[in-house]
Amino acid sequence: MSMAPAMQQPSPVAPEAEQANKGRVSKSPTRLALERFLHNRAAVASLIILLLIILSAVFAPFITHASPTLQDLANTDSPPSALHPLGTDSNGTDYFARDLWGGRADLLVGFLGTASLLIISLVLGGLAGYYGKWVDAVVMRLVDFMMNFPTLLLIIVLMAILNTSSLWLLILVIALTAWPGMTRFIRGLFLNLREADYVLSAKMVGASTWRIIFKHMVPNIMGPLVVNATLTMANLIALEAALAVIGFGVQPPQPSWGNILNGAQDIFTLQFKPWAWIPPAGLISLTILCINFIGDGLRDAFDPSFER
Amino acid sequence: MTKFRKRNLAAMALAASLTALAAGCGAAGGANNTAAGTADNTKPVDGGTLTIGQWQKFNQQFIPFMDSSLYTANITMEAFDSLFNIDKNLNFVPWLAQSYQWSPDKKTVTITLRSDANWSDGQPITSDDVLFTMDYLASPTYTNDLQGQYESLVDPVKGSDEILAGKAKSFADTGGFHKISDKKFSITFKTADAAALWYSIATLQPIPKHVLQNIPMKDWLTSDYDKMPTVVSGPYKFTKVTTDSVEMQANPNYWAGKPHIQTVIWKTVTPDVAPGLLSSGQLDMYLNGLKARDFQNLKALNNVNAVAEPEFGYEYLGWKLWQKELQDVRVRQAIAYAINRQQMLQGIYKGLGQILNSPIPKGSWAAAPDSELINYNYDPNKANQLLDEAGWKKDANGWRIDPVTHQEAQFVLDYPSNNPDRASEAEAIAQDLQAVGLKVKLDPPMDFNALLKKVLTTNDQQLQQQMNQSHQIYLWIMAWGLSTDPDPRGNGWTYPNANNLQDWNDPTNEQLIKKTYDVAAFDQNVRKQALIEWQKYFNQQWPAMILYSRPDIVAVNKRVHIPQDDVLTSMQQFGPYINMFQWWVSPQ
Amino acid sequence: MGTYIVRRLLGMIPMLFAITVFTFLMMHAAPGNAIDAMINPSIRDIEQLKEHLREINGLNDPLWLQYVHWLEHFVVGNWGFSFNFHEPVIDLIGPALANTLLLAVVAEVLTLLFGIPIGLYQARHPYSKFDYTASTISFVLYSVPYYILALLLIYVFAINLQIFPAQGATGTGPLAGTFIDHLYHALLPALSIAIANMAVYTRYTRGAMLEVIRKDFTRTAYAKGLSEGRVFTKHVFRNAMIPLVTQFGFDIGSFAGGAIILEGLFQYQGMGYLTITSVNNRDYTVIMATTVLFAVCVLLGNLIADILYAVVDPRIRYN
Amino acid sequence: MAEPLLAIQNLKTYFISRDSTVRAVDGIDLEVYPRQVVCIVGESGCGKSMTSLSIMRLVPKPKGKIVDGQIVFQGRDLLKLSEKAMTDVRGNEISMIFQEPMTALNPVLTIGDQITEVLVRHRNMNKRQALAKAIEMLKRVGVPRAEQIVHEYPHQLSGGLRQRVMIAMAMVCEPKLLIADEPTTALDVTIQAQVLELMRQLREDFNTAIILITHDLGVVAEMADHVVVMYAGQVVESVNADELFAEPLHPYTQGLMASIPTLDEEKEVLYSIPGTVPDAAAFPEGCRFASRCPLAQPSCFEKMPELREVKPGHFVRCDVV
């Protein structure tokens, strides 16, 4: 149906792009979304808090001089003091330093995990949604298969088999097991876009598959993709912490919020040393809450018609 | 860890431990208190319930020796008496066996069973039951089909090899066992060995032939009797078994008298929450796994007595003695001086536990007095001096040069996973060694089986190759739980020996050990002296870095009354040394 | 309907097959052979024993044959032998599964009992003070990970108030092992899951209800003179349930994941706890069995969701 | 004439939100006599549907609100009834059918269920009696296989059948007044005619007055006794049908008439009224049609004209004609 106009308009992309560049008068959708986002007070506040958390993790060495890993057996299990504002753990390591540095592991898992997962999902979901037919069938079978596997169990078993304490491997394992949801989501978006006029016209002018996917299709699913990626990030951070809580996430002595909690689960610590477990528990919850608020704000911003 | 204890058990007689300590130190609270619980002169009261928490889940395999879990053994111990028990001075004393007598050649022991000892169904416990039990442990079915771990309990008995090989069916046919009467029999060992009785038959828990002979042995695993033995010889019989608890009731026919406490419940409870259950009275007692850092909090609970005693065992830093670097005794001693064991105990175990300079814990009658041993107190200067003497020069960066490879010395340290204390110890050792210029790389922790396999790697040739290629000096941390009898062979200090993980091959050592069990050593004083001589040699040679005995923390509700002679700590040892039938609980 | 279920059940078979093959290969690739792990190295003739054990365990067969044998045995309930617990795997799974199911049922009942009514109430009074409060609270609860909720619950109810046990699946005393006892122990972990899940359900219910309320047929129902209550219960809720049952089926599957963490945290002797223990001990026969069972849970969850979907939505049923 | 069955006076239905007030219905007067068919005509968004929902008191909550006026039905002001009393009126004395038969029926309930619940509610029948009555009613509105269809679901029926079911549902209690909101818009032409014929038939059989809301003047011509033309929430012309077609007075009505495509006149371009309907949140001061009106005078932009009786029975809201 859209063949004819495509023929008449051999290069429908260029004018569009030009317009976007010139058209500062009318606001671009992204800019509109940004403005809507900035009006969402909860989301903006969350963004600020999240930035503070990220900054405190990145600049941990400037905030505290204590090492997050140094063992000091002369000072184990000490209560908060001027030297150790949140006391020390059973290795004599400073809790405050661990809480700050611990954010790095969790946030890295969140960011890199989401990034790698996005890459996998964009390739698989993109191909499935773009080509359809047997490619789609194969990818979707794979998705079904992975979806039927309890992800958490798979990660635990893999981590146990690999017997490693590498954070990078953990991120890889998480990405390799948690991609199906995102892939299915992206495939759906692509499936809808496949028939769009500008995609068909790009095909007509002989653009390569990758160019079509990344140049024409991806920008158009940016909104939902960003929202979904944000929520995925929250989930991955929660997942790492969950793994660490039962001893399968980031391994000590490298700190992560989850493994700090793991070391503080016994009754006496819960009862008598709130400084040991409330900060990491609070940081995990706050981070996830903030990311979710941001995700919510982004969704409202990208899709104003969506009503909660 | 448990795995090692099991193996150890298998190799040695099982026995008790710290009676002497408990009696001697009375650390918990003076002369009127026993190790824990309350001792007083009021008259025992019958009845009541005792609830005991254990860390790990028991396995539902209650025929003695079917299962190698210590947590199962703790329970079966109350249902099945062994031939010998331990008194408070750590001596073996006859128990189900009323008396024993050695033959002049010291190869044969004649044992008389108590005439009043009966199974709970009224049948007498006889020589046939003992033979039946021995044959069961020696049989190939036991090892292959039941995957039993205790065949070495009958290993020193004459004919055990023939039975395992299938050439004979019973010790009665091989000359290992001779039935004299229903209540009297003799056992002949392969050699005259002063320790053999104690590391084998002494702790045998007879099983009822009249019940089990009708079930093919390979089906025992799934038999009702195994899941819940109904005919028992001990003070308590099984009455209810669920996935995480076992209920036992007093055996009214127990030969030593009906137990005071009517019901004993064993419950799987993790150490994380045990303190809460102890303070609320839902648990009367908790064995193993309580953390040293919780000790003060436990003591502060007003209804609970908590005691911390050094375990009967030790933690050690192992190394391979075939590595050229470690063949120099000065290097081994230097490591000993370099490691601050006092601070490790202080930081990780809150100052509880006990530093050792020999592999026999101080609680044993055979322990060498401190005055006879080199005391490797933390002394980095001395360590540096010894390393200098050994030719380990420091380079510009302060790291020492390995005189064998002429490169910076590189130690690599392995330790078991799933225990934060091991990680702390590994880190502490690494820090201390680095302080004297020895670079240490910590491997990621691995689970115990993987670690053991790595340490054992086929005759060590493979490991040797690996180490040579990477120019690494290999270290590992493990712990041993010991049996009461101090025989050095049990911990693998002889060569060859599957448990000799460090490959210590030293003729002097072999000679010294031999003296601890030869015919002369049947005299306890001779044996003690031989053991002290061996310890002195060990202490000087330092074939492994013995660290310390960790603390064992046991918490008991104050309403539980435990006779002064009884022992509570080191429950990880297998054997009926806790005479629970004498305990009683105050009515609530 | 019957044929629909049968067709869906048959459809599960290839998936199950793929899952078992994958799990089998994964376990096979795992380092540390179970036999090495279990044997006392001081046993005489150790090599002979190993060979014997390899033989009786079929470890000398080609891989595909090992799989076939494993499958044959698995189907008839012979799930192997746990080297760690020294018990047949199926004997371990039985009670663990029962505990997990109890936990799941209690959690789901709590979830539905509170989650749906709160969402319904919000939908009946949208944009009210209650609605805003409930929405905010459920957003926060939805964001706070359930294991942190669990820690808080332990802190409050087990440590400070001491009215619930902090761990375990059964207690001590005369009631030990009874159903009441099990229920009592399941409550706190169930509540931790339920709170987070409730938040999901209130959000879902509210959203679905508000969407249905805007539908034409709701107006029709009012126009017929039905009372508001009747319109809500009969017309609106029946339709709003359609997305909810999908979530419900999803819950059954995802419960497996949540159970692993929570059972670990509460030391609750269910499937998750058994799995963790087994993973820590490299007890591969048990891991195989629990993995397959968890996957079956997910499949069954999907099936149940589909069936319920067909039950509540006749449009599906007749297509 | 006799007493009006329904008399609406000065009805105002607004949508009030934080930022704005949308005056959907802004002072409507309307009378419906027994057995009369009154058509409300107008463009979409002119407030005709909201008028009908106001009569049923089904204005969407929470924003929609009837702020003023009276709706007197058989002597009772419906706006003063309790919600409970109002439910006795709905579906019983006044019932309503909607534009989209596809979505107006509940997809998860059987046809029988949906019809019988009206009878159970208003006639105190038990299920069995109600089902029999429902089947009878379905037959009456020309639904074939009524006995089976009561057990079927809406998605199994065609659009025309569904609208018949809707009508059966609305008529099953024999209401005094039936409000039909664009009942034929979603149907194809042949079915439209059948449905209209059916409605006429029912009026004969049950003596039901009908308010027929439509934007289709053809339907008006076919059905109406009296016509009310609405524009921007107000009545702009109200007169009996014959006179309207003979002599439409309001410029807007005239515009509507002009835009009907007819077969006999061969017009080149279809007429359409220029401009757009003003925003209901910000109506202009004067006549709301002024900006689009070919006859508009400057005064039209300043003062809102009253609805005045230009001829006997012919009311027009325009000062110019």
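In order of appearance the chains are A, B, C and D, and numbering begins at 1 in each one.
Throughout what follows, a residue touches a chain if its C-beta (ideal position, glycine included) is under 8 Å from a C-beta of that chain, and two chains touch if they have at least 3 such contacts.
Just so it is clear, the model here is predicted, and its values are computed rather than measured.
Nearest to the overall CA centre, using the mean of each chain's CA atoms, is chain C. By number of C-beta pairs in contact, A-C leads when A-C and A-B are compared. Averaged C-alpha coordinates give centres for chain A and chain C that are 25 Å from one another. Spacing of chain B relative to chain D, judged by their CA centroids, is 93 angstrom.
Work out the mean CA point of chain A and of chain D, and you get 53 Å between them. Between the CA-based centres of chain A and chain B the separation comes to 50 Å, rounded to the whole angstrom.
Residue positions 31, 158-159, 166, 280, 282 of chain C each touch two or more of the other chains.
Contact of a single residue of chain B with at least two other chains is seen at positions 272-273, 276, 418, 447, 450. Counting partner chains per residue, chain A shows two or more touched chains at residues 163, 247, 265, 267.
Contact between chains, as defined at the top, is found for A-B, A-C, B-C, C-D. Interface of chain C with chain B (complex): residues 31-32, 36-38, 40-45, 49, 52-53, 56, 85-88, 91, 95-96, 99, 158-159, 162, 165-173, 176-177, 267, 269, 277, 280-282. Chain contact summary for the complex, chain C toward chain D: residues 126-127, 215-217, 219-228, 230, 234-235, 238-239, 242, 312-315, 318.
Partner chain C is touched in their complex by these residues of chain A: 144-145, 147-153, 156-158, 160-161, 163, 234, 238, 241-242, 245-248, 261, 265, 267, 270-271, 277, 281, 284-285, 288-289, 292-293, 296, 307-308. Across the complex, chain C is touched by residues 6-7, 10-11, 51, 57, 59-61, 66-69, 143-144, 147, 149, 151-152, 155, 161, 164, 222, 240, 242-245, 247, 265, 267-270, 272-273, 276-277, 280, 282-283, 418, 447, 449-450, 452-453, 456, 497-499 of chain B. If you check the complex, the residues on chain B that touch chain A are 271-273, 275-276, 291, 293-294, 297, 340, 343-344, 346-348, 350, 418, 420, 423-424, 427-428, 431, 444-447, 450.
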